[in-house]
Structures are given as structure tokens and as C-alpha cells.
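Naming follows writing order (A, B, C, D and E), and every chain is counted from residue 1.
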């Protein structure tokens, strides 16, 4: 009853034969329309503070996009009859693109629902929601881009609104400072990324991924240096987007300073976006480099990055006093785990599809867990009880269900088998071991054991400590935030039994890339 | 513009060495690289026109110079620039009448009791708590 | 058909244990009646079994399979019953004395108004059941199991009045010392299983028979790389550990004197007649196995001889009546071990029987004296009880005469045969035995001396305290057991008057010898004689050696008796220990054995606390260290996030350049 | 025809000068200007190798890069404006309250 | 079908108990926990032995449902019971109910959460002992940690937070190491599913190819070591045991019963299932080091217990010592050795459960466990003390009690083991443990239970109530029954152990 067999059954008449080809990027279009719709509504009724209307519109928009994506995934568009390319191969719709679009839209929906309470009574809610929608649009475009040009443009499209969103609280110094740092490092990284693309263009003469691959097929003799620098700079650009070392410096401040729903959005959706682009670019165009002579062994580079990211993320998180900053570092750590998906690739290796598929599945579950955790912090901030572990003491007495959800998030982030996080992490380690990178899995194991320590610090604070008096401020239950947190928790728990469907679609999509 | 523009207000130049080092590495790599001969553009063709064709995926049927289609990028950049303008305007907008109701709390700043007039906390204070001079009131936005 | 009821012998006292434990509170006399009925029932069944053995010979049957192995370890761990002359005799002795002690307890415990009677009678019932289980055991594992259960019961009964400080620590010491012995015994049991694959005492496949065949070389067993005799000696000595522990022989004897903290009937039953005999009985039970290794026998003999002398000397200076008796028990069991070691299988069994009777008698006599003296055991506060307690006096005297080994009494015959066997086998060419014989001989006068010192101090002379002046009268339930045992102490010797047979040539009056020959062939006395490594040498003919040995031992005994009479049979006896000078406090402190064992205990606890601090400090320290190192490095790593964007940019570029350089060199871009 | 390495060298030089500007100044605007410079270095490469490879991909894409640089500046100025309103200065070292 | 029903029911019971108001939680949990006992007893009665589950024996109550595929290998819901796991399943259900009953007095806040977590842990434990697919087994293996963390963390003693987190992270690191090791082995073999029987068969007929530069032999050795370290922490074996005393002292009594009674057996069960069934040759290679570790565990554990002043720490360290015996039994690799080790797991589960229960009963009355604080407890609580003394003697290995049966089989089995050189010396050394055990238990009992009554408290020490005595009496009866008739479990254990020994390892 695995997912692949289901899709084969339905795929007798893939949608595309019925609908015209351009509808393949329907989810992207829906997101664009929602964004523009929000702008028009704001233009027509500027004064009216329609926080709820905007929230509903954006939620509907992202949910319809999600529905369409899932429908496509189930009906096998872009998977059964090969991927669909549009705009002279600049856009490609295949299993991976749809899989990641599903992640972005679901995270966006959660964040929108949560932000509804968070922005209650805020002046320009319209620009918040429109920026959010456009950022999701940018990410969806990154998922479907098949040329370095579209990659670069959609990456910028996704980053620009996030800079504004991080700095949304214009009167709050923390938010402003974090948006500044995020912007400056972002600008620097986009410059590095652009320079990398230019070098790759210099060496291959084209920007389309398939062309670049052709360019590299007959080796990089003579200009190995330039090609190498180009590849690594591109890797740097992706490292920025996925917040892995050494381009991670913006992450702790940005996640801590930004409003919590935005941190959730950034740490789950934009990180996944970084990975989808990295997976696509490196698996389609740079594979030949692995065994070319002289080899540009970027897999080893990613392995080093993965190890350092895991170590830095988890060790720095262990001694934080501020829960949100701890979660920021832990999300850096998780970027390290997902990097294993890239690091464990081998030229023509049989297990490439499994490893990348496992990483994709991990990103899906991580998306839910992480968003849920940050939304819980948003709720605590909404109540205004404070930020440190001591302030979180005894919250379970006041909000049992939310604290239970948070415990679910924490334990599944740590990789304990009671919830979804277990399978994704252990499937990733198992596939890394199957590809022979046992030492990567070992570092992952040690750091995830350490992560168990600081994740259980949160659970200890919530469930075991006694409240120290600062909890009587809690009077109302913010419905939107509550619903989002509970939904994310349910999704994490369901992903333990439901993990096979996610893993099979991911592995099918990934192996399609390497076929 | 800002008043403190007096000479080199930047900090020491040592970090600059990192840039120089990067340059040295790139230069070494570039110098040793060898490229073939350039394939220049055909004479008599209007480059600008062809850029236009490439911009709208017409390079296949209209233009003669080879290129890739950038229609997708063009559409994306259109929306992107609009988003940039929207973001910039939002950031730059100066709310005169009511002060923006900053959230009850936010990522890093808000102390629980905003009533206390916070003095400028010393910069090197270990914890990340920084005082916030702003006077956001935390009344629940009913407007 | 009597043999179907043999399991009943063991189960009846167990039943009384259950009744006393659960229903004791509601029964009159706290469950005593159930106990008496059960032990009496067992006595009758034992006598019936005894008679059936006389008529039909030995009988062996496996009743219950505890566990059965497979593959290369197909061992059958079973519970079975072996009734042969040796065990039948032991059954009768144990049940008889148990019944008498139960009756005596009525007087000692019930009449004195002790509390916790159900617990007492339950303990006695469980003890009798496990002792009988041990006696009828047909294999070594079952024997070991009941051996340990008996140790448990002695722990419970010694610690009966647990509310004071004394008894619990005495019980703990008793259990620990015997447990130390049982550790070696368990290794022996396991070694027997590993070597022979079976632990059965009787039958063609029993391990003593296999041992003999292995030594003879026509059967091969797993001897772990040693040649058979040395390996069997090692296993024999291992099992000797258990025997030495339980029968309170030299190194592990210290618990017996402390065990006197328990009520006197318990001392009488457990620490005189039955449990302490378990060790000797065990060696007798598998004597075929020991007969095969001469060195083991020699060591047993030497330990026996040495303990006899060693314990006797300590008995001389004791002030309490029960302490004297305790040391005399250790010494008498020394004699039995000497007999076993010297190849005198029948002599040892004979002395075991007679000693059981007169020692139980002496203990019960002491018990009745203690009742009279309102639980004051110090002999120097007694005196002159002779005319106030005639029954107790005369029976006590009979016991003492038997203990001292004076002519017509049972003690003489059995101790004399022990010494005789030791003498003739010693002369037959093993100097170690001669040395043991000499020590055994030396102990005879000392035994007589302390026995009669005790008699005179307690019964003769003027009463030295007002309780002694009008002692509490004792009732029938005290006097009846005393009289029965008194008769036995006097007549038990007639059973096996070997010297008379040898000197006067009357054939057939050594009934015990004939009795012990009726077992399965490998378990008979003459088989052991054939197999035993000793040959006997005589001083001019057998009859003369008998006469000479008997005369010498009797003379020495009388000498000891006269010395005691001369010193203590006066109106106002005084402590003569001053004459001993320096040896006095050595003897008082029992050669500092207790202090030595307490010292060892403290050393082990010191080592334990060192291990604990090591464990907390180092092993736990490493664990905590790892966590604190990782947390410390965590706090260091987070320091690189300085907050200033330009630092971030600088680190970013450095990271990128480092990456480029590393992979450039690795990938060979720059060459 | 100028050999391609020189263009590469030029663009690398411009790139590193921009980087130098980023690393040494602690004024946010300087940071912005330097990043613009680095983006233009990339443009040099694009245009140079568009000629080298004889296809217009490079040049068209250079336009896109310029457009995006402009968008970035727009957002950048917005952020620096808000920074100035809050911190009273555009120096990057002042806005360093969040660390570790 | 019954195993799924059992596990599903216990999960449902746990959820239901969470919802029940605190007042009734104890009683409902007890009632609900009777069903798993009935289930396991039914399985026991309907069990026909069919050799070892891993070496091709016929598995009882077996169900196989394919679930998902990871890196090309099929993960399935594969559960089944054989002679080794059935006794442990019965032990788990039995102890869980008794510990729930013994929790009625000490646990007086958030009861519904407590009993919910206890039932949740029981479900996971049932899963551990019945799962025969590696991933499924690993899920249950790790899932046991979470309820135990909360149980120690929320209801524990003063240093409960430290003890809970130490237990949590320590065992987690160990199981991660084990996971990596086993994964390397599995991917070297390349089986079609993660099923343990299939992996054992593949290992048996040597299908292990070189794996990324590691020769098969070294890979097997590395896998063996990783597995051994992973399980040694759970057993615990001496160098990695320091979490046990902390966890035991801080955990409330019912949790200690489950921790000592069942959780320690997960380690030894896994050692038997993985190390000694799948990789017997490696076991014979490392025979001496493992034997040394076993003997050190026995003697060192007993020595530590001798030096403790807290009753619970004494019992905790003695568990380390008894588990040392089990390791010795396993490494001996003989019929009685391995069979005895499995039997000792069950026996030690019952006996340590009884010891903790009785110490808990005394703690409920006196609120102190320090040996020097009290004396003469026998005077005031005769029945409870009586059972404690019986339990202590069971622990010392008094014959006709389960402890002696287990220990004697191990000693007899390992004395003439061919796989372990110098086996007699190792066995003799390990056997000295029974003397030290007697030493410290008697010492502790004499100082706390006997002598004149002395305890500085204002309230009156009354004899223990009925519902605290009942579980202890039931446990004591079980121990005696098992001691008198070990064949009840021994027969099926021997039947399951046989194939392991012929499978290999015999030199």
C-alpha cells in the first residue's frame, strides 16, 4: 500500500493529458494571485484594518495551493510521464518540486493562521500577509526553477520580503537589528552567489542546468580552479539560504529577533527552499564533477559543512538561556542533518536516491516540528510570560494541551521514536550508513544525543518544574495560534505511521533526478 | 547625510586581509586557467534586439544569436520588484498619528512590565536583554 | 512399603511449620502441640523405616525432577530419597532428639512465658523438615539445598529474640561464616556436576563409584587438565569447606559459641546434635569419594585432631555453662573428623550417634539449670544444686561421664574406637595421622577436666547466690527428656563394644559394624575399608593395641577428672585460672580468632568504601565530565556570534577562502 | 580579442575590493555600496563571457542582476532608515546588542 | 494476532487512564492492567515450543505486515514470541500490575498521568520483547525511555531532575552507537527486510560482503562491539553503570520496581538476541574480556553495595552484581549457562521487584531509607519485615527460591564451558559474589530491622496496610514457586536456547 503504487494506479490519466501544460505550475500561480489579491484589497480599502480578512484570504490561498500540489502529487503529474518543463526549460515541474511546494504551502498556511492572533490590531497587517505570500511564492518558484537564472531570481524574490518581514516590528530594536544583520549577510551572500553563477557561466557558457551538466561532462581540464570556485560559491549561496556554516551567522539573531511566526516561517520554509534548490542544482548539473579529473569533490565539502553545522548548531544550543535562541541554534543543527542528504552522494552510487529522499522526508517532518515549536513560542510571547527557561517553568499547569504539543515537538526534534521525528532522522542515518558514510551518521547520532539534552530542558521546564508565579498573566487562549500549534503536533504524530508515504514519494522523486 | 562621516570611521583594516586572501586564491586559480578562443557575435546583428528576443523566449524563431529564454525570470523579476517596492514602502512609512502598536512582545526586546522607564542598559551587559526606549503601549489593539 | 512414607517423614515437620506460622496464634501453647505431634510421627515412621532397612536392605528412589539439561550438559537435577543404614540411623537420631527438644521447649519456652512462640515453633518445624530432607537426600545438589535451608533456620532461631542487640548479630555471624564455607561447598557441587555429569550418592552411576573407576583408569571423566586423584582431592577439599563451616571446625568455628545467644533447646537441637552433625554426615555419606584421595583424608584427620585439642583448651576457662558446652561440641566434632580422616568410617558414625545423645542431654540439663537459675548462666553464681534438682543432677552426671569418656558410658566406647582407628592407621605408615592421634589423645584429659569442673561448679559445693539457694522447680516436660537421654547416654555404647569383641574374642557384638554393612555395595563399611588408602599397624597384635589404647585414654580421662575434683570439688571453689599465667587471657579470648575475623570484616568494608569513592569519583566523574566538557565547549562555541555584522562577514569570507583553499589543494586546481 | 582570463581577473579584483569595503567599514550604507560593487563584478563576468561563448544569455542575465541589485538597495535603504530611527545611527557596531 | 491486541489494548488503557480523574486513576489502572496479564497467561498456556525464533524455529503468535522501505530494505510489523521472550513477557505484565498496586500509597499527585505513563511504558516493554524486526524493535526500545524520563523526573526524589536527564541521555547515546553498528552490519549483508530471523540466517551462511573497505570479519567485530556497548549500558555492566544507582534512588518505588524488574532485562535480552545468536564466533573471540567484565561487575557491584548507607542504593548496586551473573552465563555458551542466564533474568526481575517493594513499604512508613536512621523495624511492622527478610534470602540465593535456581544453573553451566578459557576460575571468582551479597544484605537487615526499635519521628509506625502487603506476598509466592519448579519456564527456555548453541560458537 506504499504511496508509489497508489500513484501508479491513478496515473492512468495524468492530469496533464486532460489540462493544458501550463497548468503544471498552478500552485505557483495561485500563490501569486493571492499575493496580488491582498495588495488590491489593501489598495481598495486602505484605512480599514482588515487583519482577519487578510488572514482568511492568505490562508485560503495557501491551502488551495497545497490542495492542488497534493492533488498533482497523488495523480503523478511530473512523476509518471517524466518532468514537465516550461518557459524553454527555465521551469520544471517534477516530484521534488511538488513535494517541496507542499512543504512551503503547509508551513505558510500554519504561519498565516498563527499570525492572525499575533497581529491582532496591527496597523498594516496587509503588507505582512502580502509579503508572506510573496515570500512563499518565491520559494515555490525556487522549487520549480530549472536554470541558474530562475534560481537566482526566485532566491532573491524569496529573500527580499523576508528581510522586511523580520524587521516588521519597526519600533522594536531587536527586530530592527536582526533584520539589518539578516539583510546585510543576505546581500553579501547573494553577491557571492551571483559571482559563483558567473564563474559557472564562464566555464560552461550556459545557465540551464542540463546545459551546465553537458558543459561539465567533458571534464574541467584547464579551468578546474575557476569551475571549483564557482561551484563552491554557489554552494555558499545555498548555505546562506539553508543557514549552514559558514553562512549561518545571520540565523541566531534573525530567528530570535523576528516575530515568532516569521522565525517559524524562515527556519522551516526558507531552509527547505534552500535545500530544494541545492538538491536540484547539484544533482542535475554538478554530478559529473564528482568523478571528473581533476575532481571537484563537492560532496566531501558538503560533508565537512554538515559535520561542522551539526556540531556548532547543537553545541551552541546546549547552553542557551533563551528558549527561542536555543531553537534557532537547533534549527541550524537540523540543517546539518539535512546536509547529509547532499554529503552522502557518490558518483553513480546506487543509494543516491535513497539518501536524498530521506533528507527530503526529514525536511518535511522537520518543517512541521519546527514550525510548531516556534508557534508555541509565539503563543508564550503572546501571553508575555517571558523568554528564558525559568519563565517557562510549570506552563503545563496553565496550558496542558499546548505543552503536550511542545513536548511532542521537542522529543521528535530530538529523534525519539515516540513521534514522527524518529523515523525521518533514523531513515537519514540508515541511508547515510548504507551509502558508506557511517562517520557522518555517527556525528549525527552524537549531536542528536546532545540535542536530546537541551530539548528535554524545555520539556523539563514545562512539565517537571513548578510555576514561579509569572503565569497568572495568562488569561485568554489565542484561538488561531492554538489551532496552528495543535495541528502541527497532530501532523508530527501522524507522520510516524504515515512516514512511509512521505518517504516513498521523496525517494521516487529523488531517484527520478538521478535517473 | 550622517554627521559622523569624518575620514576613516571604519574599524581597523585587519579584516580586510581576508578579502585580499580571497583575491589571491582566486587570482592563482584564474591565472592557471586556460580558455579557448572567443566566439564573437555575428556582425551586423543588433545585439539589443536579440536581447529583447531572448527576454521573451523569442530567440528561437526571431533572433539568430543563440541564447536562453528568460521569460520566466522576467515574470518573476516583475513581481519581485513590485514586492521590493511594497516592502521598502512599508519599512519607510512613518506612522504619524497613532504609534504603531508594537506587539506585546517580540523576539528579543520586550520586558514583561513595560511601565518601568528603561534607562539605556550598559552595552556589554551579559544577557541579551536590552532596554527599549520606545513607549509602545501594550493595549490590546481594538482599533 | 515403609519407603513410600519416607517423604512423609520430611513433610510432617514442614506441615507443623506451616501450621505454627499461620495458625500458631490461635493454637494452645503457640503451635507446640503440632510440632510435637509432627516430630513424634516422624520418629515412628523413621523407626519403621529403620526396621524395614534391617529386613529388606537399602532403598533409593527419585521422586521429583527439579530441572533436566540437554545437549552436552544432559544433567538431571532431581530430588530423591536414599534410605540405607547410615541415613536410617541418622533419621532416628534426629527425630528422636527433635521430639525431645520440642517437649523440652514446652517447659523452657511456654512455662517461662516467652512471646513469639508461633515463630519459635515454626522455626523448629522448618529446621527439622530441612534437616530430615538433608539426611534422606540421594544426591549432592539436594543435600546442598537442604544444607543451606538448615543454615537459614539456624539464623532464624539464633536471632529469635531479635529485640535485643546480641542475638541478631550472632545470627548474622553464624549465617555469614557458614555461608563462607558453603561458597566452597557450592564450587565443589558444581565441580562434581561438571566432572561426573551426575551427583548421585548411590547406584552404579553414582559419582563416588565413577571416581573410583576413574582413579583405576577404566573410566574417563572431565578432570580439567589435572590427573584424577589430584582433581578429586581438590574437589574433596572444596567440599570440605562447607563441612568445616557447618560443623564448626577450626578456621570457621567462631560462630558456634556466639550461637549460644539462641534459646537453649535450639542450642541443644541445632548446635549440638543435628545441624552441626550435618558436615560429618555429609563426608560419611560420600565417603567413597573421599576414600579415593589420601591427601584429603589426611587433611581432614589433621583438622579434626587439631580442633579437638584447640577447642578443648578454650573450654577450660569459660565462665558460662553453655560456652563450655559449645567448645566441647567443637572439640567432639573434631574427634569425628579425626575418625573420618583416619579411615574409621564406623568409628565416626558411632561417635556421632553417642555424642548426639549425651551432648543433647548436657544441653537440656544446662537448660533446666538455667530455668532454675532464672536465666543466669554464670557458673560462679551457681553451686549446690545437687540436692535440690536430683533428676537433673544425675542425668547431667551421666552425660558428663559419657562426655569425659569414662569406662562404662557410651562416650568411652566411641571415643576409644576413634582413637584406636587413628592409632592403628597412624602406625600403619602415615605420620600425619599419628600427630593427629597425639593431639586427640592430649585432648582427652582436658575434656574430662573441663567437664567435671563444670559439674562441680554447678552442682557441688555451697550455693553461691540466693537464686541458687532456692532454684525454681522444673516440671515433667523438662525431666522426661532428660531421663530418656540419660538412659541413652549410658547404654548407647553397648551397641558397638569393639574392644570387648577384640579382647575377649566374642564375635558378633559389634552390631553397628554389621548394621553399616547392609547398604548398597559401594556404600558399605567394608567397601570403604577396602578402598581406604590406609594400612594398619599394631603394637604387638590387635588385642594388645586395643587394650593399650583403651587403658591410656581411660587413664588420662581419670587423671583429668581427679584434677578437676581436687581443684573444684570444695565448698568454696575459687578461680584457678591465675596459675595459667599468660595463657589465661589468650584462652579467654579464644586465641583472638573473633578479633581476627572482625578485623577481616572491617578490612573488606574499608575496601568497599574505597571502591565506592572510586566509583563516585572516577567512573561517575567521567560521565559528568563528558557532559560538562560538552556544555563548556557549547558555551565557548556560542561566543563566536559576536553580534557585529562585519565580524560575521569576515568569518564568512575566511570560511569561504578556507574551503576554496582546502578543496583547491585537494582537487588539484592550483597545480 | 582580450583573452578571457583578464576579464576574470578584473571581476575577481572588483569582487574583492567590494568585499574589502564590506569588511572594513562599519557604516551600513558603505556595506550596501560594497555589495553593489560585488554584484557588478559578477556582471562583468557575465558580459565578458557572453561575448566569449557567443550567446546572449550572459548579457540578458546581467540585466536581471542589475534589476535585483536595485530591488535590494530599495529594501536595504528601508531597513537602514528604520535602523536610524531606532538606534540613532547607522553604524553597524551599535546594533550589536544581540549576541552569543 | 494476540500480541498486537495486547500492545494496542495497553496503549488504549494508557490513554484512557490519562483521562480518568486522579482519584480513580490507581484503581482503573490496576483493573486495566489485569487484561495484559490474562493475555500473557493465555499465550503461555497456548504456547507450543518451536525452537529459537531467530534460527528458523517456529515462532508462536507470529504476524508479519510490510510497513515501509528505508534505503532499499523493507521494514515490517513483525512480532512473535519464542521460548526466550515469552517468560519475559509474562514477567513484564506481572510486575507492571504489582507495581501499579504498590503505587497507590506513595503517589499522591497527578496520579492519572503517573498510571498512564506506567501503562504506556508497559506497552512499549511488551513491544521490545515481541518485536522481531530491527526497526520496529528499535522504536519500542527507544520509546521506553520517554515515560521513564517523566516518571523519574516528575515523581522522583530530591535529585530527580539530574537522575532523569542522566538516565535519558546516557541510555540514548548507547542505543545510538548500537544503531550505527547494526546498520553497518545490515547494509553489509543487504537483506531484503530488517527481520531479525533473515539477518541471522544471512549471517549464519556468511553472506556478508566487504562493506566500504571493511573486511567482513572486521565489520562483524565492530558490529559486535557496538551492539555490546549499546546493550551493556542498559544491562548495566560495570564501567557504564553509574546511571543506575542515581535513577533507582530518585525514582519512586513503583518505578524502581519496573526499572530493576524489567528495564534491565531489555539489555540482557538484547545481548542474547543480537550478540550471542547472530555473532557467536565474535562472542568466542571476545570471550575473555566479556568474562572479565562479568566477574568485575559481580564483585565490584557487590563491593559497592557493601559501602552504601541507603537501602535503595544497596538493592540497586546488587542488581549490577546479579546482572554480572547473567553476562557470565551468556558468555559461557553452554546449555545450562545461556538457559540459566535467561532464567536468572526472570528470577532477578521478581526478586529485585520484591526487594524494592519491601524497601518502599518501609519508606512509606518511616520516610527514610538511610540505614543508620532507624533500627528494630521488625518490632513495628512484623509482616512487611518478614517478607523483606524472605526477599533478602531469595536475593542471596537461598535454595528452593528462584534466585538459587538461576544462579546454580549459571554456575553449573559456565563451570565447564568450552568457549570460555579458564572457565572454572572465572566461575569460582564470580561465585564469591554470593558471600558478599549475604554479607551486605544481612548487615543492612540487622542494622535496620532487628535490635531495639529506634526512629526519631513524631508519628506512630503502624504495620503496613493490606494493599501494600498483598503484592509483596504474591511476588514471594511466585519466587518460591519458580524456585521449587523451575521447569515451568526452563523447558521452553532450553528449547529456544538449543538452536543458538548448535548455530555456532562451539570451538
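Basically, a contact is a pair of C-beta atoms (placed from the backbone, for glycine too) under 8 Å apart; a residue touches a chain by one contact, two chains touch by 3 or more.
Keep in mind the model is a prediction, meaning the values are calculated, not measured.
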Task: Treat each pair of touching chains as one step and give the shortest count from chain A to chain D.
output: 1
Field: For chain B and chain C, chains touching each
entry: A, D
Query: Looking at mean CA positions, which chain is nearest the middle of everything shown?
result: E
Task: Tell me which chain's centre, taken as the mean of its C-alpha atoms, is farthest from chain C.
output: D
Statement: Of C-D and C-E, the pair with more C-beta contacts is C-E
- prompt: If you average the CA atoms of chain B and of chain E, how far apart do the two points sit, in angstrom?
  reply: 60
Task: Let me have the rounded angstrom distance from the C-alpha centre of chain B over to the C-alpha centre of chain D, please.
output: 9
Field: Approximate Å spacing (C-alpha centroids) for the pair chain A, chain C
entry: 79
- request: Could you tell me the distance, in whole angstrom, between the mean C-alpha positions of chain A and chain B?
  value: 21
Statement: Two or more other chains are touched by the chain E residues 169
Statement: Two or more other chains are touched by the chain C residues 627, 638, 641, 643, 645-646, 649-650, 653-654, 656, 660, 664, 669-671
Touching two or more other chains - residue numbers and ranges from chain D: 4, 8, 15, 19, 22-26, 31, 52-53, 55, 57, 61, 64, 68, 71-72, 75, 78-79, 82, 86, 92-93, 95-100
Task: Just spell out which pairs of chains touch, all of them.
output: A-B, A-C, A-D, A-E, B-C, B-D, C-D, C-E
- request: Give every residue of chain C touching chain E within the complex, in rising order.
  value: 65-73, 75, 141, 144-146, 148-149, 152, 159, 162-165, 167-169, 171-172, 175-176, 179-180, 183, 186-187, 190-191, 193-194, 222, 224, 601, 604-605, 607-609, 611-612, 615, 619-620, 623, 627
Footprint of chain D on chain A - complex, ascending: 149, 152-153, 156, 160, 163-164, 167, 170-174, 176-181, 183-184, 187-188, 190-192, 194-195, 197-199, 201-202, 205-207, 226, 252-253, 256-257
Task: Would you pull the chain C residues touching chain D in the complex into a rising list?
output: 638-639, 641-646, 649-650, 653
Task: Provide the residue numbers of chain E that touch chain C in the complex, in ascending order.
output: 166, 169-170, 238-239, 241-243, 300, 303-304, 306-308, 334-336, 376, 378-379, 393, 396, 398-400, 404-405, 408-409, 411-413, 415-416, 424, 427-428, 431-432, 434-436, 438-440, 442-443, 445-446, 449-453, 485-487, 490, 494, 498, 501-502
Touching residues on chain E, where the partner in the complex is chain A: 67-72, 135, 138-140, 142-143, 145-146, 149-150, 153-154, 160-161, 164-165, 168-169, 172-173, 176-177, 179-180, 183-184, 187, 211-212
